[in-house]
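Report on the structure given below.
In order of appearance the chains are A, B, C and D, and numbering begins at 1 in each one.
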Amino acid sequence: MLPESIELLAFAAASLVFALAFAPALAPRRALAVQGGAGLAGTAAVAAAPAFDLAVLGLMLLAVLQAAVGGKRTFAACLKAPGVAVALLALAALFARAEGPDLLQRFAAVGLAAGLAAAVGLLPYLHTFDPEEPIAASPVAWLAYIGPVVAAVIVADAHGLLTADAGAAFGAVLIGFGLVNMAWGSVGAWLTENTGAAWRYSFAADWGLALSGFGITLADGRRAALLVLFTVVLGRLPLYLVSGRSGKAPVTDRPINLLVAAALAGSAPFAGFAARVLLLRGATQLFWPLALVLALGMLLWLPGSLRLGRSLGIPRRRQAVGVALVLAANVAAGLYPLPLLAAAGL
Amino acid sequence: MIQLLLGIVAHAVALLLYPGLATMAAFGAVVELARMRLSRRVWEWPELPRRRPTPVVATVALCAVVAAVQTSAPFNPIAGDERSVVLAAVALTFTAWAELALTVEFVAEPGLLLIVQVCWLLAVLGPAVQPESLRPQVLGNLVVPGLLPVKIACAFLYLLCLPALLRLWPFTPPADKRVRQRLDAGRVLTWFPYCGLFTTMFITPSIDDAAGLLRFFGLTLAIGVVVVGFSVFLRWRGSAIARGLYTRVIAPFAGLVLLIVVITSTLLR
Amino acid sequence: MVEAASGFVAWLGVSLVVLSDGRRGLALGMALGALGLAGVSLPAAEPIGAIALVAGGAVAAARRFTAGPAGWAVMPAGSTPRLVLCVAGGLLALWVGVAVMTGSGGALRFAVMSVVGLTGARALAGENASVVQTALALLAVAIGAGAGLAPHTLIVWTYLAAGLVAAAVTWLPDRVQRAA
Amino acid sequence: MPSAAVLGPMVLPLITAAVMAIFGFAGVNLGRVAAAVGGWGAVLALLVVWVPIRSSLELTLGQLGFGSAFDMRIDGVTFAFGLMIAIPAAILLTLQPRAWPQTVVAMLGLAAALAAVEAGGIVLTAIAGGTAATLAVVLLDTEDPRASRPSWAMLLAGWLALAWFGVMLQVGGGTAVYNAVPVATVTGPLFALLAGSAVLVSCVFPWRTWPAELWSRPSLRAAGVTVATLYPLGFYLLVRGYELGDGRYPHQLFNVALAGLGTIVAFAAAARAQAAPTRRRFLGEVVPGLGGFALAAIALGTPLGLVAGLILLATASLLIACLALLPDHAGIASLVTIAAAVGLPPGISFAARVVGIEATFEAGDFLGLIGVAGMATWATWMVGGARAIGLPGGRGHPSVETFPRISLVIALLMLAAGPAVAAIKVAYADPVAAEVMQSSAGSLTGGLVNVVTVSSVLPALTLLVPLLIFGAFVYAISGASTVRTQSRPALFKVPGAASAARMREALRSATVPEQYRSMFNLRGLETAAAGGRPLLWLGMLIALGFAVTR
């Protein structure tokens, strides 16, 4: 198993523990523990799969298991995007393995990138979303719980499947997806009417950074992606869990709301800023105009983050402790990310 | 330490006696009385200033002495390399605006006066741009043919500005309702710095002896007379002509001076 | 010859899955698809792998035969686009798998490509749980069959896993719909 | 002196903040005493570390993970800017009462700002500065969410740009440590990025930005601390820019452009100040005005200009404390503060500006014209100051946060400090020049008595001490004059200012024309993107396939 995947699994486990300990009890904790545990086990299976095909089969099983969890969407609607993701990944594997013109490898690169986006639920393959749906059954589980590990596995396997030239094309497509998700996600988080939808778009925006990091085929890009995924799993997801995500919580302007907004926006000293620094570093090494575009895109985070931070309301008791822990963890990772990166072998 | 104390004493003498406060007051009183005499058909002695200076006069005195000691008056206790045209210009600029603090009604045409003030600053500092030196006597000593156009243009601009800066132009401030003329202490204190600075900057300096002393003060007095004459002329022609001069002539001329400064600096680079 | 026939059977099976809305049609499509994929995988998968695929497909077909919308419902009204999709998808897969791609195993490539493509499309467009489950089950079998093109040594385990997943996908309960 | 001592100035406020937070949660507000301990502790730590050795002290603790090591140091530049930040903050934290969360955030902001100037490398400076900016926004928003505050995006843009500059140096030259960056790495385009980030960080623009806006807030507790901690940081970057370029900027055009910008900023502030409707509005323009003068001096590229700029910045930092404590009603405190701000002789502001303007003439190459412009700007300030003395006070602040006597003392101190300009230069500013302009700093002579320039000598002590005594005497004996408080007309209006404001307003309120709204219907786009339309997904796939075959 990749050390990166192990670390991301640990993050997911930590977020599950956080949900059980600090999140408001919207669903029975026992059910949440069972569903979260099953999801974690399935994700671990995907990460541990010794072959790409096995990982894809695991992904399919995971999708069906999640679709079986009671929610607001129909069973078929839940499986639409994951089904397409699995099909795309399988086709990509076929194109990558077949003998023939180089074009096949490039198509394989597109299939892998599109499959990744569809599996996680990113533009242009957004999963249908209902803010009222329990977290275990909602697309947020793919964005912030299962997705990071799946993405790490797909990216790692892609480099084994593709030639160098196709690998570059794969990176370019990921960067393209990344920029689209950054722009759309951050603007959507700012302007969409529903607060729950705003949270979902903010996840997509963060994923834009992560995809760009994966797309930059350099160590700094991978480091940046890992830090972004840390902020997604142990920053945005826990805050989403304690927030009034349906927008019913009163909008407040306390220090805690602004600190949360800063953390969500990737301001210093939170982990998001260190991730951005690494991303700029990687992009500068690859092609400096890309760094300029990324830097401009990074400014789009603020309005949406302020909105989400204020939508948190005033956390009380357990939630307050949880928010404080999340902020502290993000500050620590922002100021001293080396242990996280070293543990992932980056 | 003793050297330091001696230096402080020398500067104190310069500030308070020569060419500072006392010299300023004496020179200014003479010129101001002459001006008043000329500007009135029926002569009567003006009221003397109040015994206690107002804060405005205090400010004018404080700043004017700084300017006065920058002149290259012979026997000036302040060494030549310790004088700076910037110090003189800044200090004199303060004197023109102290009265505005009390009420706007004491200052006639403040907007126009600010334009004249800026033009005067150009006239004072323009000659220093190319030589890259700020010692007034060095600027006065410059007889490089290439720099003469700048010096002449700046000197003319300087003289054009003085009647306005000394409040000798024919615009009366709204609050000036005095029937009997009073000796304007502020103006008395600024005659010497303005005229002395002109002599220092635009005329070759005088040597430190009696003849030099006479030459310096003679020239400075002559400048005063020219300014008085110009101001009397302006008053005689009335405010419309003066307004035309200061609104339509001085700013374009200052622009021309600036152009000459730039061209000269470029040519002599 | 056997491979070519198996490829055709696989395409026929997946086309049935695409064209049917009833449990019998879906079950038959599932069975044919699995049989065809097992047939094209035989050279690479050896008997055990092929049996795993067939078994998984059979269990899935059996489950579908017992649950889901009644009847055959093959090509119900308004299914012309689906028919076009099956034919066009098949032809495209045939051209890419046999003409564009080179080397041996053309039938396997054709079968896997057509099944994966058409089941993916079915999963994307399907509104009914049993339909999507069947499509995914057949997709799982196709993924297993596709492993025959891979150089790795875990190929048998992939066939077994594919069979298990195919069976599991159809036997897992589809959740109670709570859409308001 | 152990290397760990460099942590003192930033750790002390951090510890104080932690202790205050713990007690605060327990319901005990340690109040101003603890705040004073934190604030003055930082000042004391800076003095204790720097003064005895007067040379660089560095602490390096290995890599942090984003390409930079934990490298902190205290040198002449850190000392100068550290005091500039810490002293006004300490004064305000000591005197103004605050709720404990606000004190804690202010303390953290102070620590972050000090970390920014202590950081040995650019990326670390960017992270610490970004933290200070974030905390400042939090502080301001929690005090009064409706009052004006800096644009968070603009601050973040500045620090992000600096971070990018840092990583570019790391990529190009292998390091972003100030004193280790290869000179050849700092190219013109790269330096433009640094200059841009510096301008953004301190918002040194000709229009009215937060360093002026904040003074119009109903309460000046957060405003004072914010301006004190954030405003000097942009200038800090420009000073370090000399160190990166071995004593000069990559091209003289940068010197001219930045000096020109500084003069324009100072003049724009002066133009707004002379048209201010209230005294508070006038005072709000003082800091940007002094900043403009300081930028013009620092950017000249000569040691003399640099020290003049630093002394001006130090004066501005003292004025920040003074303005935040100054009540809005008329009185001697306001009068003296205005006199000190506009540079009445023999004040430190007067002496520093004179040295700065002299430096422009001695810099050569037409920079003397910038000196002439600077003089014209100063004259406008004098006019504005004289006018402001009789203006209405403006919106009053809570009396609990104003301390007229203290602000009067600070203003008097600034007026009396003129004679000490040479001593301040030697002790405070010269080490900065020696650090960042090692090759040319030797030209700074004159000792504690005079400021020696190339063409003249400013006899600071011998001329300004008698002048100070004379001034004190003449004001003491002068009678009282009644200053008429009245709304006074502006002397002039900046041409084009009104149309620029109209344009800005039009841009702010710009909306998509009705007939094109349907093209930008977010809800429609959202439905299309999130609806899971098979055709859209297929189309995307085909488009991507087409794209990668090009």
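In the analysis below, contacts are C-beta pairs under 8 Å (C-beta built on N, C-alpha and C of every residue); 3 or more make two chains touch, one makes a residue touch a chain.
The structure presented is a predicted model; accordingly, all values stated were derived computationally and were not measured.
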Centrality ranking, top chain (CA atoms only): D
Separation of chain A from chain D, taking each centre as the mean of its C-alpha atoms, in whole Å: 39
Approximate Å spacing (C-alpha centroids) for the pair chain A, chain C: 31
Chain B and chain C, separation of their C-alpha mean positions in angstrom: 101
Centre-to-centre distance between chain B and chain A (centres being mean Cα positions), rounded to whole Å: 74
Contacts with 2+ other chains: residues of chain A: 80, 84, 88
Multi-partner residues of chain C (at least 2 other chains): 124
Junction residues of chain D, two or more chains touched: 537
Touching pairs - complete list by chain label: A-C, A-D, B-D, C-D
Sites on chain B touched by chain D in the complex: 4, 7-8, 10-12, 15-16, 50, 52-59, 61-63, 65-66, 69, 78-79, 81-84, 86-87, 89-91, 93-94, 97-104, 110-111, 114, 117-118, 121-122, 125-126, 128-130, 132-135, 138, 258, 261-262, 265
Chain C to chain D touching residues, read off their complex: 121, 124-125
Contact set on chain A toward chain C in their complex: 50-54, 56-57, 60-61, 64-65, 67-76, 79-80, 83-84, 86-88, 90-91, 93-94, 97-101, 104
List of chain D residues in touch with chain C within their complex: 534, 537
Contact footprint of chain A on chain D as seen in their complex: 63-67, 101, 105, 112, 123, 126-131, 133-134, 137-138, 141-142, 145, 152-153, 156-157, 159-161, 163-164, 166-168, 170-171, 522-523, 526, 529-532, 536-537, 540-541, 544-545, 547-549
